[in-house]
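Below you'll find a set of structures to go through.
There are two complexes below, and they share chain A, which is joined by chain B in the first and by chain C in the second.
And now, the complex of A and B:
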């Protein structure tokens, strides 16, 4: 069995101080963590591996400036990690990323299960999993709280309204996991040192693939940024005083003026 | 010159911080209150390889060097001095002697389970008549065929109450004294003749076991002699050098935590119409603490780098221990002053830190001993041999 986990990074919130009064964010320590929901997806994959045996392969969920999250995943126990790079990938949006990931999974020789986070901590992105399922033509179960694999099916507990229901999907399938859904494991110390020092067997487990070459055509993003536009600043309200009738008159006059009559 | 941490050390700190926040911080107050040793934390630390942080991967370690070990002690020291002390006695002195002077067979047999936390180590040096005066020990070891018979005892042994393996220093030739007459042995605590006489009830580091040990006709096979017969004193002193550096790193964590609490409180607490942060008296305390913390950080990690690159560091390790313990005590004292009455209550970790900090000026050689080490080294460079 091959399990693909799609992982992203987030700026460590513990390194940031938000000063609401000054309207500023101070970054004291710029350090990136695995997205919490992605980390749960990774944990779910490693648990399936522990129970049934599987090859777990990590792929990035978005264009990354470095391969740090993939090294973190290797330290935690994935067997292989593929860093995607290439001209034009930096601007890639989810649509382009889905094409790159689909091509990467094909290059791997397919997979039985694709796991990723149900949401991202910083941008609240939820669509990567479902879009990948659409592109691959696989069934999907989103926002799972737990995952088991048995009899060629993924069994996922998810919340539906006020209750939890067990949903099954035939493999291959895409499952997204909720942040905080699983108790996480720690990396293995020696693996961590070796992967960051680029020594030993584990250094061979990190590969770099050119995404554009993988897809065979430019990764043009579906969405294009053409600048920024902010809503106009809001006008301040006015305070009316006097008797109820006077206040009503003032309010009516102000409203008339605002609509231009 | 480059003061940045390597990628593996940055990743290691992230891993340790995650562990400490999830596993150690929630129980730190309880360990102190209930006088409990963090067995479970030690087991988990071993499982993920952290109890072998500075030992070679060949013997179950991580291979992250002395710098990695200092990072571990700093992060533990921020949250729980007791846990840091358990870890320090285990890695820094107990297992360190085996790492430094053990044979490949001894390392295979003892260092591997110690690195993985399957066994816990302690360091048996101090006696009732010989603590800082380490050359004055009385525990005797007499050769009998293929083994040595140990008689005597040790006091104030950290981890002594629950350790599986204790490195013990004993006199093998009373005529020769410290240089030549003292030998180090690896003792397993389930051997007949070993017993724990009592556990101390202490003001600080209450989450540790400090025990008095007794050896009565304890038979130790000759293959458990550590290093050469008669060279135990040198082995133990080398190990203590490492321990002193990493104790400095734990103190750095404690001092940093005191600074962090103080800044947080000074931002919140209002007095006479403004936050404490706006009071010059508090600003000066914060500025002094921050400066000392940074000076200590530079010292600790520079010495760690010296160890990792194979340079002599005895004098600087003594400075780490002495300066580190005094910086931590001062910083925690100032943090208590800034917090006022609140700092004295059990609702805040400052009173615990205050009690825990004091021992750092005493164990692993009192600060007076460290000053002797430093001064002796300085005068030796100028041709003066200091008499004890």
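And now, the complex of A and C:
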């Protein structure tokens, strides 16, 4: 069985300061984390590998200027990691990435299960998993809380309305996992040292493929950025007036509007 | 379309007209919540109406479901010029493939310019699949829209890091442009009782869903959310009065229960649930402070909260300076009425 895990990185929000008045986002400490949801997808893949045995291959979810995300994945136990590069990939959005990832999966010789995060920490994007499922023609289960593979099926717990249900899809399938859904493992010390020193067998497991060559045409993005906007300054210090009952009504209205969605 | 005010004066029924033969238009795919239209669907219709008026296009709503035909008047009232219903028992609850089959056949024929979904579970799945199938761009969690008139592209704003700042993006070439609208971001439009129309019914071919729902996951316990990441928090302080009522409020709001240092001293919470820069710094969507005076350490720890409701008997309590809504009252007086109003 081959499991493909699609991983991305995110700028640590603790290292940025948003100055709305200056209209700028200041990066005080440029530190990148593995996307929390992708990290859970990786954990789910490694658990399936531990239980049933599988080849786990890591691929990037977005254009990356370096292969650090893939090295982290290798340290955690992935068997192969493929760094996608190439002129014309740098601007790729999710639609363009899907074309590159589909071509990469074809070159790998297909896969039985594709796992990725249900959402990204920064922009909250949920489209990569479903887009990949559509491109590959596979069923999808999004926003899973746990994953189990048995009898050629992926069994996933997901939230539907207010309750949790168990759903089942035949493999091959795309499953996306919620951030914080699984207890994460620590990387293996020796693997961690070796992958960053580029020594031993593990160093051979990190490959670089040219995405544009894989696809055979330039990866033009569909969506382009048009700038930034900042939230208006908050007005604080408003007070409710009237009797206790009237104040309670005002508070209830405010709470219902904000909690009930 | 904007003659509705005149019609109001004349108390005439306005028959909404729509273009024949399809082509373009701003489309909204309706989402159901417990058999009624989800609020985000009406909000999306309001946004679609604004966009369509600047584009010079019509607004269409698609309503997939089973036994939903009596919901169509609301879609017209909220701003739709045309409504398509896909009414079939196979669409009774959301399943990806049956819904996808209906929508992709419809959009392949109608060639919409813009398609809006609510950013709900169903909306997010459908929007991404359709965007991939039709070669369209998708912008998610949209909180504001404007129009780039040169390219007729929708410029959509979406939050980064939960709203710390916003990015604006557009899809200049590819059509349709898919957007998922964040619930609560757009106002619910005024329901114009004089708007009405005749919905068209779509033919539905039953399609098998690829994912089977086995049943309720009874033995599954969702992982505990740490206090620092809780979306709603009810916190108590020395002046909270009846703590049992505060706990009931937390249950009613689905909130985590916490407190300030005074609450720990009173034995109401344990030390791991003190909201304070020396304890836990929180960033909830809603923070309710009951009887918390609000010292510097506490107030700094709730700086990232989206909405702060403070209840304290002392009008000069510092908590009111950081509160979005302050109630100068004893929590014991307000809480029973508040609990009653939230039921």
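In this section, the second predicted complex is superposed on the first by the 208 of 261 C-alpha atoms of A that agree within 3 Å, B and C clash if a C-alpha of one lies under 4 Å from a C-alpha of the other, contacts with A are read in each partner's own complex, and residues count from 1 in each chain.
To be clear about the criterion, a residue touches a chain if its C-beta (ideal position, glycine included) is under 8 Å from a C-beta of that chain, and two chains touch if they have at least 3 such contacts.
A quick note: this is a predicted structure, and the numbers were derived from the prediction, not measured.
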Chain B versus chain C as contact partner of A:186, first or second or both or neither: first
Partner chain in contact with A:85 - chain B first, chain C second, else both or neither: neither
Chain B versus chain C as contact partner of A:31, first or second or both or neither: first
Touched partner set for A:75, first chain B, second chain C, both or neither: first
Contacts of A:146 with chain B and chain C, given as first, second, both or neither: second
Chain B versus chain C as contact partner of A:197, first or second or both or neither: first
Superposed model, chain A: greater residue contact from chain B or chain C: C
Footprint of chain C on chain A - complex, ascending: 13, 16, 18, 20, 25, 93-95, 98, 121-127, 129-131, 133-135, 139-143, 145-146, 155, 157, 159-160, 163-170, 180-181, 183, 222-231, 234-240, 244-245, 247-252, 254-259, 261
Chain B-touching residues of chain A, taken from the complex the two chains share: 31, 33, 68, 71-72, 75, 186-190, 192-194, 196-197
Residue ranges of chain C in contact with chain A within the complex: 39, 96, 121, 124-125, 127-129, 131-133, 135-141, 144, 148, 155, 157-174, 183-184, 210-217, 220, 222-223, 225, 229, 232, 253-255, 285-286, 288, 306-309, 311, 320-329, 333-335, 337-338, 340-342
In the complex, chain B residues that touch chain A: 6-8, 10-12, 14-15, 18-19, 44, 48-50, 52-53, 57, 61-64, 68
